[in-house]
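These are the structures, in structure tokens.
Next come two complexes built around subunit A: one with subunit B, the other with subunit C.
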Partner chain A sequence: MRKEDTVKLISAEGFEFVIDKEAAMVSQTIRNMLTSPGGFSETEHREVTFPEISTTILEKICQYFYWSLQYANGKETEFPIEPELTLELMMAANYLHT
Partner chain B sequence: MSMYIRVKRNKTTYFIQCDPTEKILGIKQKLNVLIDQPVNDQQLILFATGEVLEDSKSLAEQKVENDTIVALTLRKDGNEFEEVNIEQLNDFYQSRDTDAGNW
Partner chain C sequence: MKSEGESSRLVSLCIEAACESRESIEKWRRQRRSLQRLPSSLADSLLRRLLHRRLLFPSLLELFKHSVEVIDLRGENKVDAEWMAYLGAFQYLRSLNLADCHRITSPALWPLTGMTSLKELDLSRCTKVNNAAIKHLISIPSLEGLHISETGVTADGIKLLPSLKNLSVLDLGGLPVSNEALSSLQVLTKLEYLDLWGSDISNKGVGCLHLFPKLSILSLAWTNVTRLPNLPNLECLNMSNCTIDSLLEGDDNKAPLAKLILSEVRFEHEPEVFSYIETSFLSFLDISNSSLHGFCFLSHMKALEYLDLRSCMIGDDSVHLLTHMATNLTELNLSKTRVTSAGLAILVGYVPKLENLILSHALVDDLAISYISLMPSLKHVDLSNTNTKGLLPRPGSESNRTASEPDMIPSLAALKSLSVLETLNLENTKVTYAALPPLPSFQKLINLYLRSASLTDDSLHLLSSLLNLKRLGICDAVLTSQGLDSFKTPATLDMLDLRGCWLLSEDDILAFCRRHPQIEIRHEHLSCSTSCQRGSNWTSTSRIYLEPSQMRRNQGKMSMSRPNSHCFIDQRFKYSRERLLALQYHSLSLTPEGSLMELKMQFD
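This part shows the complex of A and B:
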């Protein structure tokens, strides 16, 4: 495990989630931010701030990234979503191309 | 990757990929890479029960499963470990009501 292989996602309230780059790349939007040459400062600092995504939703999204990796590896579990989070989660997922 | 745990301290959460047979010491070594704190200055506590996790035991032996929340505390200047401190977003629903445009 190397520090360079992780990224930090920061929520609207300033909570931080340190996750594997591999997991973050599940999101096409984050993938673009981290891999596009010479555009985003995010590429260098491995830090992305989402002023419009609340902490609860951002954590759920991170859990989804890891679930997605596990699922791709053949583990067949369901991803639980609390009904009250559904709408916000969909909006965030849409933005993140997830 | 077979599983991950969520290691929390203050406002930060570290998602750590791991294996059920992995020892707690191994988790601390991974954390050392991320936070530059020596293994001996870290203490991991099962958040749900408050149980201190032992270095020599594996995750499975101590019932740490996929997606489990584990609290991280660090040794203070003296010799004591700090108290568990995980900031929660208690006013989430409240703040959402007053600020409907924010997601």
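This part shows the complex of A and C:
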């Protein structure tokens, strides 16, 4: 995987998730950050920090990104969500527009 | 739009997972901090989903008291004083809909006293709510919209309302509002929407309406008002079921009327009645079932987009009047009129934007189809209950009529020229199998409704080739279980109406349901479909087969004109789950500054 094709997402606790840029772009918010010409530091370093999103939730979000890509390609599986994660995940999803 | 729907997919998956069962609720209900941080839009939809899943109970409400802004509990029979005790503690509650909650009483509303954020309250048809409730409500100065139609409130209660100075929407439908009570409301100068259907208001009472400078939406349906003076800002007026002597007569600025509903109106001085109306903005006119004989006024209404002439005395001789004004028309209802195929011929070429044409019970036949095919924008055509056979004698064969079997060709073939045709209703016509062969060539067709005892398995088989079909009705047909078995359902099909297909057994139907779980089946053997049937029998056919957006509009119209409580049809039957979710978020996007906007939208 070439470095230019990945992005690093950092959780509130400082955990780093390196994922495909294509997957991260499932989130409209991240897409805007990475593509806007305004010279966001995120655009240059391909690194986004989410001080509001915990590691557990961010991991789930990353899983969702990949699931979403598969789903778009016609692989219709279910995306399991543990009930105890629903509230926090919902807020993160709302923030990330995903 | 598509990206917006997709962007909220994880949110809806989360809401779905959170409302899976009672056990899943237990998993998150103690996460108090998260619940407090929940943005109101998410909290609103989570609460709504819990309600739809029948998982909401009073003590669960408490979790939402710091987040929820909008609650819609319409028609929930279990909502009672205990629920209200919790709802009274909702800090940010902006809109509360308790319409048709029959267990709500005046004392039950006491917890709402002194709420500071509540702007909109709907208590329509809460029959146990009376004047005592108004005493509680006047302690909520933030109220901007109040709906108390068909409650037990009387004129004395209405006289208390002037202390709610911020009211802009007031629905007093079905209440005994007297002239005196109306004039006591004068201080409510912010009023924009006033519904007084079925009240005791008379000509004397409407004299004070000009004192509401912002009044733009007014309903006086089912009242004794015969003369309505001019109101300078009036945009929507409903005077259905009144006897009208004069309308908006006056010298000053004419009302910028956009919508006028005069259904079942008796006119005293017919020719003059429309003379005072400013027609340049008028886009919606409903004069169905009215006593009008002359229709000359129509020729000036060049801005009309929606025209309902259902059951009017209009015939072919008046159709030429429509040619002067029909350029903007998108919907025309001529059902139960005396308009014939020859009348439609006159309209050809004058209706470039017409999308929806309803001819149910009109005197039209197969000739009409060839004229309809020349109206290029048509999306929805309703020919139900007409003399349509779907067959025409082949041109030139008239001369040898004496021959025992005249040479017939399918008349529906002409509709092929309508490139955007989505809905075709041929219920209760004389259409037989012989008329159907052109149908498979209408590849844009989404909804098709047939109802005839002369249709058989062959017809159903023929329809398999309509690949985009979503809703198919083939009622009263002689279908056999083999016919249903061999029916190759179009992939897009989500509703199949088989009511009246008496030859099918319960096992046939259930087997079909099992094979096609994504398709909603309607048949007498299915318990849910019987309730649907009762519902749709009550609504007129023209109404059932409209698109949802139009359906909503019609419901809006009905609620303005008369009580809507004849029977309760669960509207969710009509939609698939995905559709419901989409709708759920649709209403979300309307929330800010919602009340009046939404009402206006219903009105449009």
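A few remarks follow.
In the analysis below, the second predicted complex is superposed on the first by the 97 of 98 C-alpha atoms of A that agree within 3 Å, B and C clash if a C-alpha of one lies under 4 Å from a C-alpha of the other, contacts with A are read in each partner's own complex, and residues count from 1 in each chain.
Everything that follows uses one rule, which is that a residue touches a chain if its C-beta (ideal position, glycine included) is under 8 Å from a C-beta of that chain, and two chains touch if they have at least 3 such contacts.
Bear in mind the structure is a predicted one, so any value in this text is a computation, not a measurement.
When the two complexes are overlaid on their common chain A, residue A:Gln63 makes contact with subunit B while staying clear of subunit C. Look at A:Met91: by the touch rule set out above, it reaches both subunit B and subunit C. Number of subunit A residues touched is higher for B, counting subunit B against subunit C.
Shared-chain residue A:Thr55: touches subunit B; no touch with subunit C. Looking at the shared chain after the overlay, A:Ile81 reaches subunit C, while subunit B stays out of its contact range.
When both complexes are overlaid on chain A, the residue A:Gln28 reaches subunit C alone and has no touch with subunit B. The interface of subunit A with subunit B overlaps its interface with subunit C at residues 88, 91. By the touch criterion stated above, subunit A contacts subunit C in their complex at residues 28, 61, 64, 68, 79, 81-91, 93-94, 97-98. On subunit B, the positions that touch subunit A within their shared complex are 1-4, 11-15, 17, 30, 33-34, 66-67, 87, 89, 92, 96, 102-103.
Subunit A makes touch with subunit B in their complex at residues 1-3, 6, 12-20, 23, 52-57, 59, 62-63, 66, 69-70, 73, 75, 88, 91-92.
Interface residues of subunit C, counted against subunit A in their complex, comprise 3, 7-11, 13-15, 17-18, 20, 23-25, 27-28, 31, 34-35, 37-39, 41-42, 46.
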